[in-house]
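These are the structures, in C-alpha cells.
Each of the next two complexes has chain A plus one other chain: chain B in the first, chain C in the second.
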Partner chain A sequence: MKETIYYNGSIQSNKQKLGRVRDISSLALGVGCGILALESLVGFGFYIVGTTLTNLLFIWICCGSEPSKFFVSPKRELLLEGVVENVPGFVMMWCLVYAIVS
Partner chain B sequence: MATPDLILDPALKYWVLLPISFVMVLVGLIRSNVTYLLSPKPKLEPYRAVREKQFLKRAQSFTQNSGVLNAREIRDRQQFLIEKLNSSDFYAKEGEEELDPLSAFADPANNEAMMNMAKGNMMNYIPQTVIMGWVNYFFAGFVIMKLPFPVTDGFKGMLQTGVATPDLNVRYVSSISWYFVNLFGLRPVYSLLMGDKEANELISQQNQQQGMPNIGGPGGPKADKLFKAEAESIQILGHESIFDGIVERVLSEN
Partner chain C sequence: MSSVLYIVGGVLVLHAAYSSMEFHLLAKSMHQECTFTTVPSDIIHETVYGLVLIILGAIRSVRNEVAYTVEGSESSEGALKGININVAVKQDHEYLRPIEMKRAVAVSERIGLNDYAEFESRVDFVDLVEKRKEFNQWSEAQ
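And then the complex of A and B:
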C-alpha cells in the first residue's frame, strides 16, 4: 500500500524536456518529409511513425525504460499527448522544404 | 495527376516564402520581449497587509501540523491564536467598511490590473493584424507554392484569395495561406528560440502565488471572516500528538 508522491517541480521539468524533444523532432520530421518530397497521406504517416519512434527512443534513452519514474501517467503523456499539438509545426516545415526542394 | 504541373518561378521561394517566415519569427521575438517589458513588476505591499496574510498562514499551518507538538504546547498556541484571531490586532485595515462589488471598478489598483490585461491582448492582436495586412498588401494576387497535401475545395476561397483562376487546383495557394501555416506552425520555433527561461519564470511565479489567500481583493473574502473561521477550527482542534504512544508503535512495527 505505497502511494508514490511526485515532486511537482521535477515533473514539470521532465515535461519541459519532453516538449523540447517533441518540438525538435516535429520540425526535423517536417524537413525530412519535405526533402523526401512525400505527399498527402504518406507524409502524415511518416509524421506519425516518426513521432512514435521518437517517443519510444525518449522512453528508452531518457527514461531508462522506466517512464513511470518520471511521469505521472506515462502511457498517455508520452505516446498520445503532443502528437496533435505538433502537427502545425511539422506541416509548416514540410510545406517550406517541399516548396524549396521541388 | 491529369493536369500538368504548374511551373512556379524559383525566385518566389527566396523573395516571398522565406521573407514572410523570417519577419514572422522576428515579430514574434520582439512581441515576447515587449510583453516582458510591459508586464507589471511586483509591487511593495503595506506591511499591515502582509502581516495579516502571514498571521493567517501561521494559524493555518498550526492547524495542519499541530500533531508534532505535545499537549501543553498545543494548548498554549491554541489560546494565543484564538485570542489574537478574535481581536483586531492583525487586521490590515481597522473597521472595514462594506464595499459593494461595483465600486471595485473605481479602485485604481483594479484599474491597473485591467489595463495590463488590455495591454496583453493588444500585444497579441496588433502584430498579427499588421503582418496580415503587410502580406496582403505586398504579396497579393499570385500563386506562391504548392502544398504537399490535397485540400478540399471548400478552402479555395481562403487559400487562393486574389488569384483569378476559378479552376486551379486548390493545392496551389497564395501568400496568405503561407501566413496562416506560419501562424500556427511557429510555436515550436519560438519555444526553441526563447528557451526554457520564460517557462521557468512562469513556474516560479505560480509557486509564489500559491497559498496566498486573496484577502481584501475584489470579490475576495474579508479578513475578519477568515480570521473568525480559522479561530473556530483552532477551537475544535483535537489534542492529538504524534508522540502519543510512540514507543509501543515503533516497537510493535519491528
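And then the complex of A and C:
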C-alpha cells in the first residue's frame, strides 16, 4: 500500500487553530456555566455537551465535513484530545463567574 | 466579521450575567419564601445565544489569510502596467491547510516559497560585494 506523506507545517498550523477555538470555547462555556449557576455534575455535563457541539461545528465549518484532509487521526484529535486539557480553564471561569453572580 | 460576533456575543453574555446577578440578589432577599432552583428561562436563552455567537466568532477567526507571491509579475492592466507587483494567492481551503504533501506544497510553490528559504537567505551568507555591485548598476541606470 502506498504511504501518504504529510506536510508538517500544515499539521502544526491546523492544530494551532483547533487549539485556539478550543481555548476560547472552553473559557466561554465556563462563563456560561457560572451565569446559569450550575453545580457539580450538571456543570461538567454542560461542558461536555458544549465542547462536543463546538467540535462538530469545527468539523462542519472548518473541515468542510472532511476532517481526514486536515488531521492525521481526525477522530482522536478532534473529538477526544484537548477535551480534558481545557477542563482547568473551564473550571476557573466557572468558579469565578459563579462567585461573582451568586 | 469575527470581531462583530465577539462583541455581540459578549454583550449578550454580559447582560445575562448582570440579570443573573440581580436574580440571585432578589432570591436571597426573599429567604424562605423563595424556592427557585434555576435561573429564569430568558437568562438561559440569552446565555446560550451569546455563547453560540462567541464560539462562531472563534471559528471565524481562524480563517486563512491571503498570501502574496515573493517574486511578483508584471501587471498588464491600467495605471500599474509594466510595474512588478506581487500577486495575491488564495489558499485552497478557507480555514485550514491540507496536510497531504502534494496539496500542501502546491500553494507554497505558487507563492514561491520553500522550506529552506530561511537557510538560503541567511544574512551571513549573502554576497554583499555582489549585491552592492548590482545596486550600483541599478542606481546608475535610474
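The rule is short, and it goes like this: the second predicted complex is superposed on the first by the 100 of 102 C-alpha atoms of A that agree within 3 Å, B and C clash if a C-alpha of one lies under 4 Å from a C-alpha of the other, contacts with A are read in each partner's own complex, and residues count from 1 in each chain.
Note that a residue touches a chain if its C-beta (ideal position, glycine included) is under 8 Å from a C-beta of that chain, and two chains touch if they have at least 3 such contacts.
Predicted, not measured: the structure shown is a model, and the values here were computed from it.
A.B. asks: Do chain B and chain C fit side by side on chain A in the superposed arrangement, or is it a clash?
C.D. replies: fit
A.B. asks: Once the shared chain is lined up, is A:Asn14 touching chain B (first), chain C (second), both, or neither of them?
C.D. replies: In the superposition, A:Asn14 contacts chain C only.
A.B. asks: Between chain B (first) and chain C (second), which does A:Ile35 come into contact with in this model arrangement: first, second, both, or neither?
C.D. replies: second
A.B. asks: When the two structures are overlaid on chain A, which partner does A:Thr54 contact: first (chain B), second (chain C), both, or neither?
C.D. replies: Touch status of A:Thr54: second partner only.
A.B. asks: So, A:Asn86: does it touch chain B (first), chain C (second), both, or neither?
C.D. replies: first
A.B. asks: Who does A:Tyr6 touch here: chain B (first), chain C (second), both, or neither?
C.D. replies: In the superposed model, A:Tyr6 contacts chain C only, not chain B.
A.B. asks: Would you sort A:Trp94 into first (chain B), second (chain C), both or neither based on which partner it touches?
C.D. replies: first
A.B. asks: For A:Ser102, select first, second, both or neither according to whether it touches chain B, chain C, the two together, or no partner.
C.D. replies: In the superposition, A:Ser102 contacts both chain B and chain C.
A.B. asks: Classify the contacts of A:Ser65 with the two partner chains as first (chain B alone), second (chain C alone), both, or neither.
C.D. replies: Once the two structures are laid over each other on A, A:Ser65 reaches no partner at all.
A.B. asks: Nearest approach of chain B to chain C by C-alpha atoms in the superposition, in Å, rounded to an integer.
C.D. replies: 8
A.B. asks: Touching chain B and also chain C: which chain A residues?
C.D. replies: Dual-contact residues (chain A): 9, 20, 24, 34, 37, 100, 102.
A.B. asks: Tell me, which parts of chain A touch chain B in their complex?
C.D. replies: It is residues 9, 12, 16, 19-20, 22-24, 26-27, 33-34, 37-41, 43-44, 86, 88-96, 98-100, 102 of chain A that touch chain B.
A.B. asks: State the interface residues of chain B toward chain A in the complex, per the touch definition above.
C.D. replies: Its residues touching chain A are 13, 17, 21, 144-150, 178, 181-182, 184-189, 191-192, 196, 199, 203.
A.B. asks: What part of chain A is in contact with chain C in the complex they form?
C.D. replies: Going through chain A, the ones touching chain C are 4-7, 9-11, 13-14, 17, 20-21, 24-25, 28-29, 31-32, 34-37, 50, 54, 57-58, 61-64, 69-72, 97, 100-102.
A.B. asks: Give the list of chain C residues in touch with chain A in this complex.
C.D. replies: Against chain A, chain C makes touches at 9, 13, 16-17, 20-21, 24, 38-39, 43-44, 47-48, 50-51, 54-59, 61-62, 93-102, 104-105, 115.
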